[in-house]
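Before anything else, here's the structure in question.
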Amino acid sequence: MLTIVLLDVILLVLLLMLSVPLPYCFGGALMFMSIFGGVSMKSMMLWAFNQMISPILLASPLFVLAGTLMGGSGIAKRLLNLADSFVGRIKGGIGVVAVATCAFIGAISGSGFTGVAATGPILIPRMVDKGYPRGYATALVTVSSILGLLIPPSVIMILYGWVTETSILACFLSTVGPGLAIVVTFSIINLIWAKKMPNIVLEPPLESSEKRKILLKRMRVALPAIAMPVIILGGIYGGIFTPAEAAGVACVLSIPVGFFIYRELKFDNFYKLVGESATSVGAIMTMIIFTLMLSQTYVMLRVPQAIIEIFFNLTDSKIIMLIIINIFLFFVGMIVNDATGMILVAPLLLPLVTKLGISPIHFAAIMGVNLAMGGVTPPYASILYLGMRIGKCEFKEIVTPTMVFLLLGYLPVVILTTFIPELSLYLPRLMGLL
Amino acid sequence: MGPNSAIRSIWKNLTRLQAKLTFIIMIILPFMVFIQVLLRYVFRVPLMGIEELMIYPIIWLYMLGGANASLERNHISCGILTLYIKRERTMQIFNITKALVSLGVSLWLTYWSYWYFLYSLKVWKYTDLVKVPLFFGESALFIGLTLMTIYTAVELVDYIQIFARSLRKEKEELS
Amino acid sequence: TSSTSAGGENKESKARKWKIGHVRPKGTVVDNDVTEFVNNVKEASDGLIEIEIYPSSQLGDYNVVQERVGMADIEMQLAPAGTNVDKSLGISSAPYLATNWDEARELFKRDGVLINAIEEKFEKQGIKVIASYPVYFGGIALAKEPKDPANLQVSQNMKIRVPGIKSYEATAEALGYMATPIPYAEAFTAMQTGIVDGAIGSGAEGYYSSFRDVTKCYLPLNDHFEMWYLYMSLDVWNDLSDDEKKMLEEIGLKLEEKRYETAEADQKEFENKLKEEGIKVIEFTDEELANFAKKVRETVWPEIKDEFGAELFDSVTENIK
């Protein structure tokens, strides 16, 4: 059975390389699993339909539209102009803004999609305007988007808490340390890299009185725009709406602002922007339907269980075991989505790691950082693909910067999280949850 | 008006209708969410059932959006091999292969969505609160995939025509 | 080993590999019970029937898995009765059909009006019920303390998350709460940020495993009796030999009996676990509980009974006053 799965993954990679549209890459791999793996397709469409209509998935489409409308309405421009008053003279400044914004979005949403969905349509074109290569800008926003799963709330941590009977609050806190570490490493890499980019446009140096005048002017212009993030954050933390609803509210509010206050929206470009968002949503969601079905075939054939049986009886050494676990989780992240990976693997691995003396909360963080990364590691890389779509960017442009951020910025944090328990246990301990 | 131009005008009208529908659905969704927030927070009378009604625009948005992407030949893809293809002829054959594979997979998926379409028609379920037949949502999978298959088939025909044309041209140049 | 029956329909016992899904995580009481069932079946069938367990709704939401079982894509499930295909199955969790364990046992007894009707409804979906599995009496979990939870004259002025099912909505309203639809997956953060003040639809066990970090107060109102069913695909069932059918039914009955013996203590244990977390578990007097039941029966029952089939509902509730 594992041979079939291996062949299936090879087929998937082959289809991807043939540049077959993504829904058909995953559809083809699904076809293979159904025909050669003997998984019945009868109820699979029914299953997928019910996955797709989940209100949880709706958040990303709404955020795509919200991000696009905030871009088209001129709201984003005013906000970024204002930000430029502070960081516009630093090479790489807007890159740090991108990372920080994704961390911020991560604090309101529980999914890895939201950061790139909401800020991609705004930040990527802006960075390109400022002279960053398109692939770099898209990669930076996309990899930062996975902070949504590390900064609480987080869907995968809720699932981990549920399947392992661990305090969800403690799980939430366990990935805060690693998440902040990633904010730091990504920002540093970005600052260093930006120094070497030849075309970056900086704000002209000005005298301080001039600077203040421009800042005040930009603040005044940005006032209606500033209301947006205030309403969104206030609404979520004030208990008025859920993150998905916040996206809906942002869409609705940006319409009058764009039409009547900033007057950048006209019916024609409004129609075009909404239509483009819908097509983007369709492209990504039709892909997700088939990735979900493919994941379900692996679930039904108990693929992770089979792999665990092979690999986890090899050694008693704690360090080697932890390394194997990380590699295993990396592969799980490559072939299934984060939520599926969590539900399947957490209860299987937890007894193994508790025997090694690792606390369930520490393990929550280990699983969290590994599975969150899965969203950007091909072949199953739905967040990366969404980023490519939103950034209007091709795979060959995005792949190198993505790998650099993952290898130099993300992987070190995975290693730290694995071998330094305090990184994830400090906050839960501080809050008395240990 | 010949049969060809008649087909063309039907095609044009249908695709325009598809674009309009997607626009309407996409714009309805945030308003439904917004209304629910208002009802719950401002008027304190949340409507049970809005979530259920949202099922329909959601699934149609996904499937029609996917069909749009197929129509515009604008699905996400990760062509790494295309980097190494220099000759036009190779590229044409490559495109035909790609479209052929896509069409095969699409047909197979459409077949199963048709199975589900029939199942949904037979069982005829209703949503829990508002009691709208679920068929009107479930059928989106079949219809969306059918559209995607049609557009993929048209794409394949295009690639074949381009290939045939270049073959013909080559022949003419030789003779 | 083959069996012969008088009807001439000779089905053979043979090696079978099945899937069973359930809705609780690995290692929970439910998972252990399913594991025991699976082991018993394997032993009694001399290893011929092997069933693989899929915990944590890995095969989908229980409503979906119910349909998948109806299609014989998945062979078995232990779960609440899903209402996707047939709304009237919702009668299984209608509010205040029973108010204590003795009543529940009587209500759901084998060959009783209710269970016979439920089995028939399942059969129409291509599903054979093997056993019922009592789980708990439900209640309300709140993120803050209510003013006067026993007083039905005052509105609690609190929003609680309700599942998208008419009977829960009506029950929440009747008990003085504002019924608010929120997707289950968002319920935890919604309670944390205050979009809702609580939730209805689960019991001590469910709230303990998913909501204990955001719950301040638990109200064991016994608003509904949570009954699950162990069922299998009718197609698969019909393909079994008589011996196998008999064996499955016996092992199912054993599971049911054992669960009735342990369920009440199990519920108490989870109420205690809630207390250990510092959550206030309000103790209602019998009189207060009777008041809740009276109010809901008077106001909610007339509203929902048509959905279940008025005739059936009336005959089920005939002896309840």
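Think of it as A, B and C in the order they're written, each chain with its own count starting at 1.
Here is the rule we go by: a residue touches a chain if its C-beta (ideal position, glycine included) is under 8 Å from a C-beta of that chain, and two chains touch if they have at least 3 such contacts.
All values reported here derive from a predicted model rather than from experimental measurement.
Asks: Looking at which chains touch which, would you call it a line, ring, star, complete or other?
Replies: complete
Asks: Farthest chain from subunit C, comparing Cα centres?
Replies: B
Asks: How many angstrom between the C-alpha centroids of subunit C and subunit A?
Replies: 36
Asks: Rounded to the nearest whole Å, what is the centre-to-centre distance of subunit B and subunit C, using the mean of the C-alpha atoms as each centre?
Replies: About 39 Å, centre to centre.
Asks: Taking each chain's centre as its mean C-alpha position, how far apart are subunit A and subunit B in Å?
Replies: Using C-alpha averages as centres, the distance is 25 Å.
Asks: Out of subunit B, which residues touch more than one other chain, so two or more?
Replies: In subunit B, 51, 119 touch at least two other chains.
Asks: Specify, in ascending order, the residues of subunit C that touch 2 or more different other chains.
Replies: 67, 71, 183, 195
Asks: Multi-chain contacts only, two chains or more: what residues does subunit A have there?
Replies: Touching at least two other chains: 42, 46, 55, 240-241, 244.
Asks: Help me check something: in the complex, which residues belonging to subunit B touch subunit C?
Replies: Touch residues, subunit B against subunit C: 40, 44, 46-52, 119, 123, 125-126, 128-129, 134.
Asks: Where on subunit A does subunit B make contact in their complex?
Replies: Contacts found on subunit A: 15-25, 27-28, 30-31, 41-42, 44-46, 48-49, 52-53, 55, 58, 61-62, 65-66, 240-241, 244-245, 247-249, 251-252, 271, 274-275, 277-287, 289-290, 378, 385, 388-389, 394-396.
Asks: In the complex formed with subunit C, which residues of subunit A make contact?
Replies: 40, 42-43, 46-47, 50-51, 54-56, 110, 153, 155, 158, 161-165, 167-169, 236-242, 244, 296, 299-300, 302, 343-344, 347-348
Asks: Give every residue of subunit C touching subunit B within the complex, in rising order.
Replies: Subunit C reaches subunit B through residues 67, 71, 83-85, 87, 159, 162, 164-166, 169, 178-181, 183, 195.
Asks: What part of subunit C is in contact with subunit A in the complex they form?
Replies: My answer: residues 19, 25-28, 52, 54-61, 63-64, 67-68, 71, 73-74, 182-183, 185-186, 188-190, 192-195, 209-210, 212-214.
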